[in-house]
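To start, I am sharing the structure in question, which I have written as structure tokens.
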């Protein structure tokens, strides 16, 4: 039952089983994407999770990855199917009421993607009646648009490809989400560009069940460790070094 | 056009077909199970057994009126709270079976209702019991009339398996999403491929129904 | 022991009284013909005997069982009392042979070999041995009705009930069915209760004629009384003149 | 001009020839009765006249239109040629009055008031004015058939076709329907073609008797020839003896 | 869950309204279009039968999401931009109409042939006979399976969530994501769907009894 689950000490069990089970994205380029050839999930978050697992459990520690969607990640965490969520999840106060976050492991910023030659050059240009901004369900971007361009209407689609396709069909004036992802799209579609730089901070955090303070603290410690020993920067370079226009140097730790 | 050529690389197609295989497996399992349970429930509801039929009837109405998506959700995430923790595949089949059984129960009930009442009277006066008359005389005739409705339901079922993407069942729709996750330009080619593959499977069911319809006519 | 006994039987459909104070005894081996205008309760009468309709008051004893008693399982009676309907009610999903063999097989557990032999001999009797593997819908009405009779006979019943067995048939089919029924009636051990307007049948093999109107039995005469004398009841006389003149 | 003319008409169902070389003329105002064994093609004959079945060869001129011609719209003919079926075919979803008023309203665009008056007077004529607001299933077969006749008459047709109008009826209902039909037949302007085994009807109001067998017309006699002389055709004689003896 | 209702009632209510609106529009048109193609399928004219058959087989055998996406992302490229709600409603209408056509066809075929013959010989045209005589009786026969289709329609309207149609499912996804109270949110959504579908199914049951 629920109480039993939260009573269990996740850290203790993980150490005993020599395994940490991570909930990760399987459909998000650069962060967590299933590789069709070998059916393994790959990306920055995966590599980071692996590094942190090794840090916590030692060289032979095992990281298991369970693909999650924005609808399933919290119930899976609650039911104990996964120990932690590392899935482009922005830390915000509303969410912090339901789960505990570690400190941020990636400082994304929200940006907008538009068609080349579009009259829209920054989020400010979207602040007018009739402007439509496309987003993706499960990202934190809606509330932010509400702050930066309150007059615009936001449509959320179920994944990035659908949102981009909707943009191409003229269903919206701009596509907004975290800059890393937008730059990825821009590489595939040179006719679409990221404009205006990022206008928010979207700190991604690892979520664990409430009450698992020991585990959370251990994760924080591991994160600091991989940042300090250069692993973090190496991974940043590996995944974002080639993304045109994305200033990953700024994000080095 | 180039998008289509790239999207239909052998590796992607193979991945899509792997998804199709799961779709078909879940569909076949759910069709067989829900056909059995749906028939039983439909008969119980038809037979007007005191209290029992009314209760079953209420449960049938309740479940068939809920979105399948939510039933899948509850099966996968709610049941562990009750001490049963199904795997993704089990949860998908279980949820589909529960839901589709209720839809089929309703079809079976209305199928039996539509059989001429003389058939049951003939059976009774011939010495058969009510249940024998139901099983041997009414049900086979009802089944024949129900073929179009049943097959429509099974076609819905096949496509509804895609709702289990929500619990990350590796079926065809989910695999398509993974593929266009690699490159967002693949989305339209993938939707076209989905349309074709679902069509092939479902149309095969349609043809089967026409064939059965003719054979039993 | 009498085959069928009605004692002050009352039957209602909701508020509507379809049978009013019925008293009637049919002895084993008798052939009784029931006539009367449409809606007079003939079908209702015959259906209560087979337990297809419950009665609300009185006693109805068939083959020694009291149908008014809730504890009586009507299936016990139906094993010995067959019924033939206006619209045949053959099993649409079974062949002719299966129609005949089904109930003996599952109700009486009669061995297959014996069952099949009896079925075929009954099909001979009704002149339809060649149709054993046809489905009901492939047969004419007259043929279907003869099969329905064979189906009832296969249970070797003590008593057969007929509800207007010829009235849905084309005129030229009627004779074949009536001939089969006359054959059965001449077998003195069979009790028959027949709702029909075929006066030729009544005259030839009936023992009694019962006239119903408005849920009541208004006349219950021997065949001789009914045909040679005149019915005493005015409505019966009227009705009789109407159906006989027309033919 | 003749009302109905068949010239060497051939009609097939798939490979099966249901009408063989039919030649027949019915004059306006005539009442012709068609008899023959089951499956002889009587229904088929009458259904071709109403365009319900296409013919494959020959000429079939009804009310001046050639039905063999693909360009002929059978609806033109049906406005003037009504049909009454064995099983009534009343609109199950409409009341009696709506059954009668529907076609005049939407086909002839007859004003409501006139339409209603005619419908009620026809209901009077068939003795069922009190049933105007009943649904077909609430009526006995005899009543339904009389409504069906009224429905046909409401179109004020020149010609009425009847396909065994009384053979699905309880015996006591038959007279009422026949009486209505006799009434219509006596109106000398109406052409009637009636498939029936009711010899009383043929004798009383028929002008001609046509005997069919095996898709062919074997006898086509005036009433007097047919009833007073004997039919010349052997099969016709046989058939006649069978249906008359039985009744 | 009560907390979700209490704090999110505005979004939920809006979603309920959109779902209801989409369902009503799609139900109305899919009934008309479905009946039309059902009639095509049983017409004497071979060409019409083939057209009816193709329509039904194509649209009931491909996923609703694909049809809807076609209207949402492909059509705007060549014809005209339509919003998610409209695209979803059109997709739902087409998809459901194929199922309804199949249902109504079986209903038409189970109406006694005599009804059509009676109407034709009474002077009505084929279409008039269909409209006044055959269809009303066919609908009566197929009320239970039609009810199933209607309920499916209401639930399938959740396809709007994929094209930002602001329906119940869309709002539910939003709320679940913002608050992370996933289970309570979907429970609430389930209850709101029941509010639409339960009365619908009881109404169909009532109709079935009334017309029996």
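By written order: A, B, C, D and E. Residues from 1 in each chain.
In this text, a residue touches a chain if its C-beta (ideal position, glycine included) is under 8 Å from a C-beta of that chain, and two chains touch if they have at least 3 such contacts.
Chain labels with UniProt names: B, E = Glutamine ABC transporter permease; C, D = Arginine ABC transporter ATP-binding protein.
What you are looking at is a predicted structure, and each value in this text was computed from that prediction instead of being measured.
K.L.:
Any chance you could name the chains that touch chain A and chain C both?
P.N.:
Chains touching both chain A and chain C: B.
K.L.:
Please give the intersection of the contact partners of chain A with those of chain E.
P.N.:
Under the touch definition, chain A and chain E have B as mutual neighbours.
K.L.:
Starting at chain B, figure out the least number of steps needed to reach chain C through touching chains.
P.N.:
1
K.L.:
If you average the CA coordinates per chain, which chain's centre is most distant from that of chain D?
P.N.:
For chain D, the chain whose C-alpha mean is farthest off is A.
K.L.:
So which chain is farthest from chain E, going by the mean of the CA atoms in each chain?
P.N.:
Relative to chain E, the chain whose C-alpha centre sits farthest away is C.
K.L.:
Find the two chains joined by the most C-beta pairs in contact, please.
P.N.:
Among the chain pairs, B-E has the highest number of C-beta contacts.
K.L.:
Measuring centre to centre with CA averages, how many angstrom lie between chain C and chain D?
P.N.:
34
K.L.:
I'd like to verify one number: the distance from the centre of chain A to the centre of chain D, where each centre is the average of its C-alpha atoms, in whole angstrom.
P.N.:
Comparing mean C-alpha positions, chain D is 81 Å from chain A.
K.L.:
Distance-wise, how many Å sit between the C-alpha centres of chain B and chain E, to the nearest whole number?
P.N.:
Chain centres of chain B and chain E, defined by C-alpha means, are spaced 18 Å apart.
K.L.:
Which whole number of Å gives the spacing of the CA centres of chain C and chain E?
P.N.:
Chain centres of chain C and chain E, defined by C-alpha means, are spaced 50 Å apart.
K.L.:
Got the chain A residues that touch at least 2 other chains?
P.N.:
71-72, 75, 78, 162, 165
K.L.:
What residues in chain E touch two or more of the other chains?
P.N.:
Those would be 69, 73-74, 182-183.
K.L.:
Every pair of chains that touch: which are they?
P.N.:
After working through each pair, the chains in contact turn out to be A-B, A-E, B-C, B-E, C-D, D-E.
K.L.:
Help me check something: in the complex, which residues belonging to chain E touch chain D?
P.N.:
112, 114-115, 117-125, 128, 132-133, 136-137, 140
K.L.:
Under the definition above, what is the set of chain A residues touching chain B in their complex?
P.N.:
Interface residues on the chain A side: 1-2, 26-29, 33-34, 36-37, 66-69, 71-72, 75-76, 78-80, 159-162, 164-165, 185, 188-189.
K.L.:
Residue numbers of chain C touching chain D in their complex, please.
P.N.:
37-39, 140, 164, 167-168, 170-175, 197, 200, 239, 242-243, 246-247
K.L.:
Where on chain B does chain C make contact in their complex?
P.N.:
Residue list for chain B touching chain C: 116, 118-119, 121-129, 132, 136-137, 140-141, 144.
K.L.:
Give every residue of chain D touching chain E within the complex, in rising order.
P.N.:
50-52, 74-75, 78-79, 81-83, 85, 87-94, 102-103, 106-108, 148, 151-152, 155, 161
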